[in-house]
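Input: one structure, supplied below.
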Amino acid sequence: MNEFFRVLTDNWDLYFKGFSTTVNLFLNAAAGSLVLGTLLGAMRVSPIPALRAFGAAYVNIVRNTPLTLVFALLVFAVPKLNVNIDYLPTARIALVVYTSAFVCEVVRSGVNTVAPGQAEAARALGMTFDQVLRSIVLPQAFRSMVPPMMSVLIAMLKNTTIAAGFSVLEAGAIPFYMSERGEPQFAVLLWITIGFLILIIPLVFLQRFLERKWAVAR
Amino acid sequence: MRITRMAALAAIATLALAPAACGKEGTPTSGGGNASGGAQSDTCQSSGATFTPATDANVAGSPAFQKIKSAGKVVVGVKFDQPNLGYKDAQGKRCGFDIEVAQYIASKLGVDPAKIEYKEIASANRETAIKGGEIDYYVGTYSITDKRKKDVSFAGPYFVAGQDLLVRKDDSSITGKDTLKGKKVCSATGSTPIQRVRDEGLTEPENIVEFKTYSECVSQLLDKKVDAVTTDDAILKGYAAQNSDELKVVGKPFSTEKYGIGLPKDDKALRDFINDQIEAAFKDGTWQKIYDGTLGKSGSTATPPSLERY
Amino acid sequence: MSARSELASPPARARKAAGTSQATVLYDLPGPRARRRNAIIGAVAIVGIAAVIAFVAYRFWATGQFEARKWEQFTYKAIQRELLAGLWATLKAAGIATVLALLFGALFASARLSDKWLLRAPATFVVELFRAIPLLILIFFGYYVPLQYGWPLPKMWALVIGLTLYNGSVLAEIFRAGINAVPRGQSESAYAIGLRKNQVLRLILLPQAVRAMLPAIVSQLVVLLKDTALGFIITYPELLFVGKQIGGRLTFGLPYVPTYLIIAAIYIGICGMLSVLAWWLQRRMGRARRTAAGVVPIRDFGDGDAGPL
């Protein structure tokens, strides 16, 4: 048992660094994918066929590609475009590119939950597409979007560990360094698990709380 | 309607994958479009040394040997992406200095080299893999260090290398280990060279880049995402030889890396036995033959190192 | 769910005009001016997207990604065999993990649905726990921990264990939701005519629930298949790992880009077919009036649908 705690206290520097990078990645990528995902979602319900087609193509391609491969392509193919992005920003971009496909789908199905009569009534008042979306549909759709959106974000938090394979020292990379330091991996991994539980449990509770709160209101 | 359209799409997708079933026989050589690097064959070639399995092999008091003997095969941890050291070609054939050393030892343990089961172990997992018995021994540019001796034991050294730097040919700003400040330095996760860069503060922590394999580092070097790849000169020379138009080795080694054969920690009998075999190979010219036919092709000469028994 | 989708049906005329049923709710059929405006925005968008694609293609060309020597190796049988071996390793791990995850899911879903507290509580704990741990960490557990105790596990099993625990837990939730989606009245009336608990489950609930769950299950299996790509991190020779080997050959000018593009195409092809199956099942199930249970929406199992972990 002492051994178990020693693993944490002896390697506190590494755990702290790893998890702060994880949180940093998560917050940045969450903001980015909410913006890009909402934009894509708007494209998918827009009146312009070209945008709809683009949104659909984006979602279907990205969703069927493993995130690891998205990372690999960004790390090895993007330099060929003559842009030099550091590894942490690259990881953020990879997570945004991937997660926004899922955010887009949440937005789209959220929009679909609003009773069509509402949008029809708004249109009867002469509102344009973006007025309908902005003042009538999205405010209502938002409630039904929150729980699945939280799920997407929780999944993304866990997805940040993939950056470990692409030169980002976040929580998922800790085992490599511990192997180097000769620490018992079981204890090392348990502490990482505990770290993730600490991050994820509040999010899950928030999700359930919002779900319950807004389920009643509907 | 929709369904048939989807079925048609699926059919097209299958067709698109189908051509994978036909192709040219033989091995590809880097032919057309010779924009960078001398054309080299990717095909593995052995040094020509032959290893006949010993019929009377016995290592008294070695649990690892008993395991090998009863299994009739040995499981060896190796690298797969280091030209002339531990390499796997497109045919799945393996070659290189480390591979032949592994084969030599297997033959001395009474196992036909053809019966070696190779396992690719990432640098960061070597100790765990030896301790846990996933492999019987490890031959793959594995430096003998005191820290590692706490977890595993080493026979050898069978080769001595030094940490060096691989840079782009047109880069004259990096001339040695003290010119790395502010430069991005790449190496394999869990390798000794990257630990040295970290421990000696050769560059800032945020400029240390780590990948699982050295080839990924080399790719990043050519893409200008990192400025230097650091590891042992023996490895780097292999890369430089394969792409001499764009890459060069700085050539000022700043460490001594003694390559050992990673073994289970408390198996002294096996360690002594393998040391004896390495010593014999030093003396009877086998070592030299293997070296000249593999690592020597990267353009350097070497003589056998002296063993460190313990 | 089914009621909602019925409501959502817009007038047939509008649907015809816009192609997709949801979109038309939000805007009127475009008149001549709107059509012109839409055409202009559409054209600008197409030009913009085409420009980006052209730029990427140009840069790839300029940096020699389309050079013959980077692609030539893929015309050889040896390389194709390597790729096929990688694909086989991927499909093998995915196949085994699928079977095990379905079993795991069924087991824990039934435990969570049990009326015995002693079964329900631990099952809930296990399912919630494994859904909260990143898959990568689960795979590390499967790889490092047995090694630490001198009991090495083949890498494939380390991967399969991780995939099973995570996806099994998500599937358990899908199963539970599927059973719960059958209206209470059905099981109540079944009990009322004297059926026993397992008869109710077997004869009344499952046949309806399975139909409702099928799309969600298939789409979770897509996630599982994609997740096998994490095997590369413990050097399991799956498709992506093979790609790294091929891409890392300096003699061919480090063809990472061509190799990863080919591998992406393979993944998109296979997962795309499964996704189409899921989507088709959902449509079919949604249309069928024979079941009282609403279709378990694919999207509501967010943990799963946001991918690998």
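All chains are identified by letter, namely A, B and C, in their written order; residue positions are counted from 1 within each chain.
Criterion: a contact is a pair of C-beta atoms (placed from the backbone, for glycine too) under 8 Å apart; a residue touches a chain by one contact, two chains touch by 3 or more.
Only a predicted model underlies this, so the values are computations on that prediction, with no experimental measurement involved.
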Shared touching partners of subunit B and subunit C are A
One chain pair leads in contact pairs, namely A-C
Taking each chain's centre as the mean of its CA atoms, the one lying farthest from the centre of subunit A is chain B
In whole angstrom, the CA-centroid distance of subunit A from subunit B equals 37
In whole angstrom, the CA-centroid distance of subunit A from subunit C equals 16
Residues of subunit A that touch two or more other chains sit at 76, 80, 165, 179, 185
Residue numbers in subunit B touching two or more further chains are 125, 128, 212, 216, 219
Going by residue number, subunit C touches two or more other chains at 144, 147-148, 233, 247, 256, 272
Listed in rising order, subunit B residues that touch subunit A in their complex are 124-125, 127-128, 147, 150-151, 186, 189-190, 195, 209-212, 216, 219-220, 223-225
Per the touch rule above, subunit A residues touching subunit C in the complex are 44-52, 54, 60-61, 63-69, 72-73, 76-77, 80-82, 98-99, 102, 105-106, 108-109, 111-116, 119-120, 123, 128-129, 132-133, 137, 147-152, 154-156, 158-162, 164-165, 172, 175, 179, 184-186, 188-189, 192-193, 196-197, 200-201, 204
Given the complex, residues on subunit B that touch subunit C span 2-3, 6, 9-10, 13, 16-17, 20-21, 23-37, 39-42, 80-81, 83, 88, 90-92, 120-122, 125, 128-129, 131-134, 212-213, 215-216, 218-219, 222, 239, 242-243
Per the touch rule above, subunit A residues touching subunit B in the complex are 75-76, 79-80, 84, 87, 165-167, 173, 176-177, 179-180, 182, 185
The subunit C residues in contact with subunit A across the complex are 4, 7-8, 10, 18-20, 22-23, 25-28, 30, 34, 38, 41-43, 45-46, 49, 55-56, 59-60, 63, 65, 128-129, 132-137, 140-141, 144-145, 147-148, 222, 226-230, 232-233, 240, 243, 247, 256-257, 260-261, 263-264, 267-268, 271-272, 275, 297, 299-309
